[in-house]
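Same chain, two partners: chain A is paired with chain B first, then with chain C.
Presenting the complex of A and B:
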């Protein structure tokens, strides 16, 4: 049987890799920025350094990697084919890159004109991506909760970017908007409505598939994303004048929903019959423990005003969410997705199955595990630096080194793909 | 005769590789039962383009029973 037939509509390998290869270097920039700024950057969530660091990770690392994964994943997992994926990727990715650098520089140096200049690039890049992905997701004949999670996530991305654009223009031109409330709603949609719903939707497929667990309980997969969306909409009502005492009534159920996803994922890992302790499983464990820690910490902040009054509390939550949950989960996913894509696309050359190398040869286990250990060390240092500012520079260096190692591992995987591809072509066994 | 491939505890791409190998020797009246915890969209495309039919049933424990057979003619 010719296995290549399955992938004739899947995007070319350059589509996801263009995004994946860029993502870690934004993490390197974030680490170096922290090492350069030192403790000042982490004094509060509103310092120019903290705002720049947040967006280097959220837009540079997370959004780059998630866009690449989305374009690949929806074709393979839910049978949705994006219109001209190579053109979309080669347009969206550089626009996103430019917009991110402009926004980060604008936040860091307090330049309203750069903030304002970034907005049209974001709207063009994300607007284009949202339209083509949404069309593909609505046309696919596939069914299931992963598909619905993808649809909700892409809506969450659109809302996040619109709110972000409004914030950037408000900062640039001094519009009278409730900046604190708008920022809280913007980050809730970005981290919850986009990133976490996408992560959960992908988890429904890849956790059982790659980590050999049982599937997520159907009731959980059915209700997680809709409930999260419901409470995000309720959370957004703070934009309108009202009684602020209601906010814990919205935030606490929201945090309970996040904890359920983390708890169930850890439980699935714990109860699987075949125990594997590869880098992906361990990265997911770190991500889910961070999510639990985030939920407990955020609940404490909502319930105990004396903790909320300390500006470092918000930084603590930011480190847990960005470096703890999303950088960990995304890195773990990339360590499975990249070797798998290498294998898929080498199959596409039409070589016999026996001629295509094993997935485990694409990135060595030692390289992934070593990088994981450095990431965990960097995460612990970042968390410690929130309360011990003297550790900030060291934490920044460790995080930059960990992201650089990830970047190098991904480059090495791409080089192996090219090497095997050339060997198959030279052997004459391809079509 | 039914050939069974239990892919639930196999790491990708092993379930697909074993399925493709089994299909190469599948007799016209036989069928292949693949057990998975996910819907294998790439495999479905291969099957439809190579003259196979399949049914996909979800068990209460989350296992997908994918029964594959060669289309007549």
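Presenting the complex of A and C:
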């Protein structure tokens, strides 16, 4: 039998959990760093503090969680079986963790040797992940827009990491490269080409799934990722000397595409069949409203030079994208995935099904909605702190607290899993 | 129309029945919830029967694959039947929390099951069973709900 057809190959539970459990604590570190450094960190996107904060969230929180989710999701959604997932996860995750800490410390303390040291770890961790995931994605017999989105996203991740490695080496060794343009291209690929295309590809499946909405319009699912990639390539041409007047003509359609994704997702949720609200659906709303706010703000920055001249406008966009869009969407997803994986793996142990607690007993609804409220408060404080620097420390503390609560909720869920697993094994009813 | 098209349409029909039953029971509206759950249960059983008695045997005969995807799907049908049983018990005991927890679990299990079928197994069946009589048999089995969907 073709091995790719045995599509029960959901990876062992430790594969996604290893990444999920680490992610929130990078958010805690980011919050504490902001609380410690105060308003100075948010003075411009180029301060050591801002660069360190960005990478704590983008690599520590987002990339950790997204790697775990990707290894879980592609097996189930598109039948793509990753080669030796346990080995891949237990190699990639600690390497990524180490690389992130080195890079963040290098950016924060201006240590070229640490930046340089982080590069091979990133290339090894992400390079390895990209190769095994890409192989699995090209071998699967599945079809559909989600599969294509996954393939494009993994390409976007590879480009982001290569550009990031180039930037780190350029900073470390003083290479003559256009740093500002290279950074803009690197972040566009990271946030757009990797993270947003992955989120959209996952959304095509999970938004209709969790909320019983209508499917995304086929024309949208077909064109969103390819158009986004087209404009990202066009955006990347700024690396070569040319006429700067073109950049709004690339950026504005790009922002329109982002708005279309956010608007359609909100509309699908609004007209959904399932009337019950939960933390996941509310988190998705926060993410999509943040994405709309990001698109409108970025358009204003491109069209009104006096806004663009204020260095805080870039920080505003960063808070919306990182804490508003991605931390929200990822947290909402983890609140659905973790209770389900707990249930799925427990009942696979072979206990009578009635002995396995249902999803709502894995993380309580109160713990999830309480944490959601704190996250929204932290997000609002962070946005306010961009313009009212006196709020920076308070915003940092609030964000650290909301991430710690998320981390605790996930730890509690894993403890519940281990507790029930031991009980099932002790009862002797397992296979 | 492809061989598995009636099953795809029927997935959506079952989703709607699920939303009706879940909403009523979440609001402790047991008078509406009881018949809504009965309809959901009946239609899911019809769907399982269409797959287990018509589609899967035809696919297995055409491809020789008896221990692959269809076996996984059958196992997941058993899990869904167990969760339906828990929901039935909670409904009888008027226990909204237990009903809601089992319903949430059924929904996610059912949706990821449908996703695997729609993205992977059904396209394989459409390839293996083109121009067979399976499409007509499935349409007949799921007739009532499909025409009313």
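By definition in this document, the second predicted complex is superposed on the first by the 422 of 431 C-alpha atoms of A that agree within 3 Å, B and C clash if a C-alpha of one lies under 4 Å from a C-alpha of the other, contacts with A are read in each partner's own complex, and residues count from 1 in each chain.
Methods note: a contact is a pair of C-beta atoms (placed from the backbone, for glycine too) under 8 Å apart; a residue touches a chain by one contact, two chains touch by 3 or more.
None of these values were measured; they are calculated from a predicted model.
Chemist: Superposed on chain A, are chain B and chain C clashing or fitting side by side?
Modeler: clash
Chemist: Does chain B (first) or chain C (second) touch A:306, or do both, or does neither?
Modeler: Neither partner.
Chemist: Should A:77 be classified as contacting the first partner (chain B), the second (chain C), both, or neither?
Modeler: So A:77 meets both chain B and chain C here.
Chemist: May I ask you to decide whether A:141 touches chain B, chain C, both, or neither, giving the answer as first, second, both or neither?
Modeler: A:141 sits against chain C, while chain B stays out of touch.
Chemist: Does chain B (first) or chain C (second) touch A:205, or do both, or does neither?
Modeler: both
Chemist: Between chain B (first) and chain C (second), which does A:275 come into contact with in this model arrangement: first, second, both, or neither?
Modeler: After superposition on chain A, A:275 lies in contact with chain C alone.
Chemist: Touching A:218, do we find chain B (first), chain C (second), both, or neither?
Modeler: first
Chemist: Is A:366 touching the first partner chain B, the second partner chain C, both, or neither of them?
Modeler: A:366 contacts neither chain B nor chain C.
Chemist: Determine where on chain A the residues touched by chain B overlap those touched by chain C, and list them.
Modeler: Dual-contact residues (chain A): 1, 5-7, 76-79, 142, 144, 205, 209-210, 212, 273-274, 276, 340, 343-344, 353, 359.
Chemist: Please give the residue numbers of chain C that touch chain A in the complex, ascending.
Modeler: 15-16, 18-19, 22-23, 26, 65, 67-69, 72, 79, 82-83, 86, 97-98, 100-102, 104-105, 107-109, 111-112, 115-116, 119-121, 123-124
Chemist: In the complex of these two chains, what residues of chain B are touching chain A?
Modeler: So the residues of chain B touching chain A come out as 8-13, 16-17, 20-21, 23-24, 37-39, 41-46, 49-50, 61-62.
Chemist: Give the list of chain A residues in touch with chain B in this complex.
Modeler: 1-3, 5-7, 9-10, 76-79, 142, 144, 205, 208-210, 212-218, 273-274, 276, 340, 343-344, 353, 359
Chemist: Quick check on the complex: what are the chain A residues that touch chain C?
Modeler: 1, 5-8, 76-79, 140-144, 146-147, 205, 209-210, 212, 273-276, 336, 340, 343-344, 347, 353-354, 357-361
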